[in-house]
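Labels run A, B, C and D following the written order; every chain starts at residue 1.
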Amino acid sequence: MRTLEAQLRALRGAGRKALVPYFVAGLTPDWVRHVEAAILAGADAVEIGIPFSDPMMDGVVIQEASLRSLNAGTTLDSLCTDLASLSTTAPLVAMTYYNIFHHYGLERAAGKLRTSGIGGAIVPDLSLEESGEWRRACEDQDVATVFLFAPSTDPERVRLLTGVTQGFAYASARMAVTGQAADIGDAQRVVETIRASSDIPAYVGIGIATPEMARAAAAVSDGVIVGSALVKIILDGAGASEVESFIASFRRALD
Amino acid sequence: MRTLEAQLRALRGAGRKALVPYFVAGLTPDWVRHVEAAILAGADAVEIGIPFSDPMMDGVVIQEASLRSLNAGTTLDSLCTDLASLSTTAPLVAMTYYNIFHHYGLERAAGKLRTSGIGGAIVPDLSLEESGEWRRACEDQDVATVFLFAPSTDPERVRLLTGVTQGFAYASARMAVTGQAADIGDAQRVVETIRASSDIPAYVGIGIATPEMARAAAAVSDGVIVGSALVKIILDGAGASEVESFIASFRRALD
Amino acid sequence: MTEDSTFMSSPDERGRFGNFGGRFVPEALMPACLELEVAFRDAWADPLFIEEYERVLRDFAGRPTPVTPLDRLSERLGIRVFAKREDLAHTGSHKINNVIGQTLLTRRMGKHRVIAETGAGQHGVATATAAARLGLSCTVFMGEVDTQRQSLNVFRMELLGATVVPVLSGSRTLKDAVNEAMREWVTCVDDTHYCLGSVMGPHPFPWMVREMQSIIGREASRQLNDLGVGTPDLVVACVGGGSNAAGVFAGFADSTARLVGIEAAGGSAVGKGSPGVLHGMKSLLMQDEFGQIEEAHSISAGLDYPGIGPEHAHLAESGRAEYYAIGDEDVIDALKLLSELEGIIPALETAHAVAWIVKEAGTLIPLGSTVLLNLSGRGDKDVAQVRAILRGEA
Amino acid sequence: MTEDSTFMSSPDERGRFGNFGGRFVPEALMPACLELEVAFRDAWADPLFIEEYERVLRDFAGRPTPVTPLDRLSERLGIRVFAKREDLAHTGSHKINNVIGQTLLTRRMGKHRVIAETGAGQHGVATATAAARLGLSCTVFMGEVDTQRQSLNVFRMELLGATVVPVLSGSRTLKDAVNEAMREWVTCVDDTHYCLGSVMGPHPFPWMVREMQSIIGREASRQLNDLGVGTPDLVVACVGGGSNAAGVFAGFADSTARLVGIEAAGGSAVGKGSPGVLHGMKSLLMQDEFGQIEEAHSISAGLDYPGIGPEHAHLAESGRAEYYAIGDEDVIDALKLLSELEGIIPALETAHAVAWIVKEAGTLIPLGSTVLLNLSGRGDKDVAQVRAILRGEA
């Protein structure tokens, strides 16, 4: 077992529900300060969204944030440079679309993540079936390949996916792209099927918009991912202190 | 031989080139005064255009005049009533499209012409082949049926047409609808083919716009018909005195 | 080409169908009409000409067009409706059948130019198309009102190399475009053929155009047999001048099928007309008490004509065919219904026939009847107009 | 349905054509892709399904479309050009072939709704049409820019009962419409089929769509034999995603014919692209140095796509097919030329292929060659745009 998964299992071992906020890298010049503020407020790990021109699995909020970040000139290299100034050692997980890594070169990309302190990667458009090369590249660099589990994933595929997912299992609460929803949807069922074939930490994401929903999701899983709701306040102008209090409110709900 | 043809042959016998102006009946409230003015100025006979909604053989000038007249409420009956005030006995020839007579009833229409002092009728869309019924109706009323001869009419058809045309033979100067032209076109050739099979008076029409053209046409025929050029000045506002001097200028050219 | 028919035979030697038809044209045009009749009789009896005509229809225009069972409409109405798909013919309507025949004939007569009238532009586009194919020069007369309503069709004709002349006289619509084409024809009849767009005008046009459109009915009759349907109970077509109706009727004239022509209420020559003479023919015409021709008013430019072809006047008089009228208000609904149920957006003209079928299913059309609808054209040309109407802009 | 082919065989079990293809989709969509593959294999091996598919293509869509000898163009260019007339298929392009297959498959899978992306609106109209026929509900995603450029096509879809959703993200054109359709599909994959419009997307779409379009090539090959032409020297088609090209190529892949795909210069994935992953497939894509997808820019909305179907990437890499690009400036002239010489106004997409033939006759196309042009669609949809361009308004 490699670094990221060990860290996250340790967290669970300590009885703590994981809180994983998602940031769009480069969305604002001081985005790394936002990351620090979140960790200060109790985030256990952070998803670093690498903007892509065609974010097929994202709703309007993250689409807009990605576009802004791209227009500001964000690249894989630039955001890794930015991360050098990050003052904490919390686990970081990249999230982006496959073409970014494919174009960069898979081994080169995995190496870049590792040297930038990113311990895992979520690639929503990389299916299990197509993931072999990427997994090999990551393996060499101790970068965990995190897979998504959808409500539509049948038990047979869940078994296959739990066999390869590393770090944690990303349980989609619903059949939807990223965005803010009103309930935790199918989270419990998805987590249960994951647990039926693996004891890897299972985190719930997609649509978790409020501390109450986070609490409900965490009650049936090992942690939650908070994306669009957070990105939205940053799009609307929130600075580091608002990010801190936003994350703190989720932390309180989870503890 | 019936009335109209006798009158026109007599004219030729007297060595006079016939001048036949065309008026759109009802174009102005005082249109009958225009007719009188023309006769005063030396017209030998007058064509009375009965306006039709779809004057297929007429150019823009007569189209427009027909429309104006129709909008003013002109009908076969109304123009015959108007004619009652005509102070002369010059030969009158109606010109209109077949549907007007067809709709009025052929015998009734021929009778109406006769009682209104109209001694002949030109129906440009009534082909020889379709003219039987109309010719019979006119025969009974001593209304001459005048046929047109076109440059495209071959000698064989000319023979057939001279066999039925009454009053005069209408020689089209050109392959065209009514309007003002620059020369007398095929007038000579058309008149010659008519004369090759008949001694009926042959008048040239279609496009005769100036006294000079009238003179040229009359030189190769027995008379001329002046339509659009005359109607144009009336459309432009000419009153009886202008009509009189217009016709007088043609008369001078012919004599 | 059509077999001898009792009900739709050739006209007599004067070009009469019963009391209607004939040749009411200026003497200047008589030689051309006579020449055309001779040329047509000769060509139509020439297997080589027929072969080329049929080959061009097949390889260029996409014939045979299919017969489509309209299952969802049938279920809705309680009758069985089949559509003969002239909308799939090249340029989007049955008009192409006629112009391919006439342009081949033009070449055969040694003429180098065609002129045509057009209302909505379908016949104009078809003529420009067939002329382009043969390298004939082409001029199309179109009422100025219609050039504005259908400006894209004007541009299509221009793309095809034709000259479009806006007609400024009269009501500036189809009727006036015919007048103007006739006027032009007088001036150029030597090297120019007037490619008339419907079963109207002087003999031999009504007969010739019907013959050139009869391929619709001949195909449909064979296709219905192949589909196991046999003779339909009704054959329904919209009627402007009447060419698509005549073409499809020709395949069923001697069968037991009821033949039904649907006019626009505002251009209903059978319903509101009386015998008269216009555009070279004696037929039924909408006219006032003085014999002045009335202007038609229809939502569809192609039915916006105050007359009807003389053979239809005869079929109406003899009772072999029935004619009904449909008002503008029912047309849009019918267009929408066919679009939504069958995935076919019909031309506004065609939508009149659809509307009648929808309206009369269960009344004039007994439940369970089999109906052949002649789907004369596609609605693409009308989409902007329909949108404006539905948005209350027109 | 296609015979086993050396050059255009089925993809491997991962959906790869050589180095390209595959299935790069969110896990949420994997079950649907797998289900679709099973359903397609099953249907495509079922004679009853094939029979219905072919019957609907015949009776509803008007197949076979003819092959037209383009005599006047041929004479002008010194080569022999034949056109496969997909412009005559119902709704005006080859797109109908694919959607008829996919909607029948949708019903067979027990789904009641289809969604689709569209650029110019041709695929959207075709999908709305096929859905209407079967009573499926239909939603079409269309970039907001395109809904404005092609507002009449939006209304056509609405008439056909479809809902059109303007896409506000990204460049607001075709690429973004695909993204949005994928996003929607995730939310409704249970009862909804994503009716993709070209040989792109995740396996089995590129293969399935090619199979459903291969009827073009199979017909054309038979028709050229019937015409006595035999195997042409070249088969030329325009390439957006590549479905009409794949369809016609499929009939000639194992022949001696050169296969030529023509891209828009501003959307040239083979000419300017490099391997990448987008919209579920690995293929050639126009992208910047960081792997961000570039926006295509073409006069024709249907070629305005930065990628190409994976099988084309493979055919390019293997050398079996050649790909060239044509710039906007040559397209209008080609459209006018075909219109004036042959009476066929092609779609702007198709005009790219025409332009290449005109340009290369005598150079890349040796004089005397026989060329089959796939005339993928009619230009009616483009006439307003072309007019604006020629008038200097656009």
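The criterion applied here is as follows: a residue touches a chain if its C-beta (ideal position, glycine included) is under 8 Å from a C-beta of that chain, and two chains touch if they have at least 3 such contacts.
Keep in mind it's a predicted model, so treat the numbers as computed, not measured.
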Chains touching both chain C and chain D: none
Minimum number of chain-to-chain touching steps separating chain A from chain C: 2
Chain whose average C-alpha position is farthest from chain B's own: A
Cα-centroid distance, chain A relative to chain B, in whole angstrom: 96
Approximate Å spacing (C-alpha centroids) for the pair chain A, chain D: 37
Chain centre separation (chain B, chain D; CA means) in Å: 66
Where chain D touches two or more other chains at once, by residue number: none
Shared-contact residues (touching 2 or more other chains) in chain B: none
Chain contact topology (line, ring, star, complete or other): line
Chains touching one another, given as label pairs in label order: A-D, B-C, C-D
Residues of chain D that touch chain A when the two form their complex: 14, 22-32, 169-170, 175-176, 179, 182-183, 186-190, 274-280, 282, 285, 287, 290-293
Chain C partner contacts - residues on chain B that touch it in the complex: 52-60, 63, 67, 70, 75-76, 97-104, 124-130, 147-154, 157, 161, 172, 175-177
Complex contact set, residues of chain D against chain C: 58-60, 62, 65-69, 72, 85, 87-90, 92, 128-133, 135, 152, 155-156, 159-161, 335-336, 339-345, 379-380, 383-384, 386-387
